[in-house]
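In the two complexes below, subunit A is the common chain; its partner is subunit B in one and subunit C in the other.
Here is the complex of A and B:
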């Protein structure tokens, strides 16, 4: 007797349609990943032959203070940026959901930062935050506030970069939240209104829980980017001043492509990949428990 | 039959003479069209030389029939693209710009440069008008490794001091004549005009060694001694202390992130009294004309160790893996010919050819503005007395330069004393030297 699913889409006859996607994944993702693992197990400097060193790169990494510095900066930047982007993104998303005059234009203006290339964003903020001739210090001075060295201060560089990234990517988070807002059911709000719930109670007990899946999605997507933070830092500070903004990605990039020690850089990138993967798994588990 | 024999002999001599004349005529012409129809790829850095030459690339195609595909990147990105291509031994790139003072030893040891001597010595490959000996011997020496010629010098450049004559006059401060007098002059300028930055130079750690090196050498220091890093010597510590103190006490806020474009912007806008930056930045600093008449250009004043300005030059190199070396060599000859360099010289590209530097047209261009004369004088002195040592002479020079720049940063930020920073840099550099020996 034929089974119900024999002729359904996705049944044996249609698996061949997956070949292009599988081939793409294997060739452009799988093979480079395996090659990176291979490189990480070798002492390999550009221009010389690769020598197998049985994971010595990983041991060196654990003894390398710049690796730990990079890990610390990565995590600090990640936590500050994620917290700010989720908070502001939530607020902005809810704001964009409101019916106000010119909502379409407002949405276009508010989401424009994240469509700008990161290099342009970096160059723009580099000029704005220049301690001598930048607009930021001019503004501070006109408000009788002390000038700041912004990106040149070891203490302020990470929060400053977090603010730049927040300016650029909050709209992205807001769009995801907006999408979540627009599919929220009306009934719980009606019930809350009838029960006399205040606005903050409605927000805290109804909106936030219902928006949790969208927020976790936004946090997952931003986490992948934030843990691999590179372009804005490379444009503005190149990891300075004195490694204060050198994330793991920046450090690995410089080791590989400026100092040409591709074996060691590969070990660091595999480590970073493990961290990113761990974060994604954690959020995926959180999302499962939420649904 | 004597008449017939005479006629045959005469005809034979005539034919022989005609053949000889044809041969000599052909030997006098150089066949620029030999590789007509080929396409070569040039990996270029976003550099004033490249920008000036590539505006004219159609002239090369008209002359030779060879098309040229250009990939232009910022210096760091160009290098990153280059190493991935060369590591793969790919013939994708035929020609590239290379800074031998930075990567020469590493790239030579990796076998990435083609030796140009066989091409230079081949009359069929090299135009008789090329005149290779006209190129500066010092710069040519910088392009030689292991007896091989790895590139053709494109320009000459090094850090010079751009200073505001009007500010010095207004504040009644004498321009510094010795290294030590710079600090004194900066102090007086700061007291006179608090709105101006008395002194600015490179603080970005990857860029700082270029300007720091002059301080080290003028104070009598060397990067290496006995095969080991020597920054902890008295001269090394003094150089780190002095260079960092000038930036910290008299430099602009945020100087640890400063490289050439911030320095040029600050100077051009009239916000710096002295800027110690590359001679290549003349055009950028003079843009708009505001600084044309109030700028003096000199080398960094001499110190206890004498005057040893840093002088480097970009070179144009041929890939060892290129499959179009003949066509690429034509481009190299055209781009570094007397005619081309004479044109580039009028656009502010300091010529590495003696005939161009001494030529009437170039001299006329120089005399048009006093600042140009000062620039040329500084470059001439640089060529005579300069050293191309911008970091320890080793394969891992980029990493070593990073350690030096980081030492400068840490002193400016108050994270380490000069002695501590020097010791830390020495430790890192010595580790790299040990690694290279394995």
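Here is the complex of A and C:
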């Protein structure tokens, strides 16, 4: 019963150890967050007093074509990337679970994409996907397929960025799935084997439902990052061509740091945070109902 | 029951898939590495050349024509000090969280993880401008601690949780203060955890792009931001770009391989064991 004497004198005395970390979080995260809410309700220009404008920043969003474009790009990129990463991640995680020689080596290789700085990943794919001299087009030509303009095409830029992100983050999803595979109970499989279940039946009716918690964990973490997608886009296309890859986060960043419309940018960022928060809540609910 | 022949075939198919997956991951990285050793004529040659005479020219030119060493020094300072600060803040906090079995401080840092980094950038920019600190190393160190501290907290929590409670209780009964119990009893027991969280925190602070993009100045520019600027300046010098990319990616790759078991654990906030 360790709880019993937590309040007794001299038995803990460690509460103060939380103070530095909590104080840091309040000063660098809590206060800036509240300040962003304040800014989002004001018209703010550097060097001038903030003018309260009663939610006009939020109303402005509704009429802003680029805001809706940002929302659309964000959701499109999110859905394509999440679908690809979950599907490939599930496949790869299950592949990794098979006991073969060299599994440790593959695990080592697998972590490299997501520990590389996103700047490096972006630069690497910029060179490979270059429309005129890139290796990707050479590969297409060797397979007798038409060349593509990849990141320079308004139509293909979102799927291309989704592919880059899938290259970088599928291994991460796979390692989470692998973690789930390693704690699977053995009994349902024995029962299925006795009942003469086919492989796809075992997968569909046993493995998949048992892996749901791991899949929801992976989907939650990827959702948080994908809905705030910034780095790879800013590095490769800066939102172009003609805003075809301008996600909400990219748009809010540009409104804030290129057009210096701080109030409006803040309102967009609060909206984006609400979207991310909503997605996390939805997955938390989903998780609660599966356990 | 499957026959021996079909079993051999399925093993073969498994290996084939392993090779295919490895190729998808390795080939782009190998391509970047190869390009960094090519002359500019070879980098832009079409069809791309697989065979070439490797040269170190891109690397030597990188150091000769750009302040690459200075960017490296900035990155080392920012990642190194923010890692140290993260440890200083989060190790005692993780100990307290683990000892009292409370969750709210950890949840608090998780909430911070959800917010878009851009959301903090505007207030930070205004805050640090008012303090006259834009462009100073301290601005970057403090903001990158927002990355390192939660990481250390989550990794250390599970290490502290693994210490048998009796060990700490007997230290306290022997008259140790809480800080002595942490420093003399707990910390020596979680030394591997401190190594792991130091490495993870350093890697992710080293890689982080967005904060330095806005908050770094001429003399505090970190490697990712410098590399990003190279893209704009030197679209023609791809060999040089790739050389910079290789050098920037090397430290995180080497460090992460050493702690790969803990990597996923740290990144999933403990949801997945190593």
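Quick note on the criterion: the second predicted complex is superposed on the first by the 265 of 291 C-alpha atoms of A that agree within 3 Å, B and C clash if a C-alpha of one lies under 4 Å from a C-alpha of the other, contacts with A are read in each partner's own complex, and residues count from 1 in each chain.
Keep in mind that, in the parts below, a contact is a pair of C-beta atoms (placed from the backbone, for glycine too) under 8 Å apart; a residue touches a chain by one contact, two chains touch by 3 or more.
All values derive from a computational prediction rather than experimental measurement.
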So, on subunit A, is it clash or fit between subunit B and subunit C?
-> clash
Regarding the shared-chain residue A:106, is it in contact with subunit B (first), subunit C (second), both, or neither?
-> second
If you stack the two complexes on chain A, which partner ends up touching A:25: first (subunit B), second (subunit C), both, or neither?
-> second
Is A:219 contacted by the first partner subunit B, the second partner subunit C, both or neither?
-> neither
With the two complexes superposed on chain A, say which partner A:116 touches: subunit B (first), subunit C (second), both, or neither.
-> second
Looking at subunit A, does subunit B or subunit C touch a larger number of its residues?
-> C
Is A:257 in contact with subunit B, with subunit C, with both, or with neither (first, second, both, neither)?
-> both
Considering only the touch criterion stated at the top, classify A:267 as touching first (subunit B), second (subunit C), both, or neither.
-> neither
Go through the superposed model and pick first if A:173 touches only subunit B, second if only subunit C, both, or neither.
-> neither
What is the contact status of A:98 with respect to subunit B (first) and subunit C (second): first, second, both, or neither?
-> second
Figure out whether A:241 sits in contact with subunit B (first) or subunit C (second), or with both, or with neither.
-> first
Which stretch of subunit C would you flag for clashing with subunit B, going by 21-29, 111-119 or 129-137?
-> 129-137
Overlap the subunit B and subunit C contact sets on subunit A and report the shared residues.
-> 132-133, 257
Would you mind writing out the residues of subunit B in touch with subunit A in their complex?
-> 76, 79-80, 83, 86-87, 106-107, 109-112, 197, 204-206, 252-257, 262, 265-266, 269, 271, 396, 398-399, 402, 406, 409-410, 413, 415
In their complex, what parts of subunit C are in touch with subunit A?
-> 11, 14-15, 17-18, 21-22, 24-26, 28-29, 31-32, 35, 43-48, 88-90, 92-93, 95-97, 99-101, 105, 108-109, 112-127, 142-143, 145-146, 149, 153, 165, 169, 172, 177-179, 181-182, 203, 206-207, 209-210, 213-214, 223-225, 227-228, 231, 238, 241-242, 244-245, 248-249, 252-253, 256-257, 260, 263-264, 267-268, 271-273
Could you please specify the touching residues of subunit A with respect to subunit B in the complex?
-> 46-48, 130-133, 147, 149-154, 236-238, 240-243, 254, 257-261
What does subunit A use to touch subunit C in their complex?
-> 2-3, 6, 10-18, 20-22, 24-25, 28-29, 31-33, 35-36, 39, 92, 95, 98, 100, 102, 106-120, 122-128, 132-133, 135, 138, 167, 171-172, 175-176, 179-180, 214, 217, 221, 224, 228, 230-231, 234-235, 249, 252-253, 256-257, 262, 265-266, 269-270, 272-273, 276-277, 280
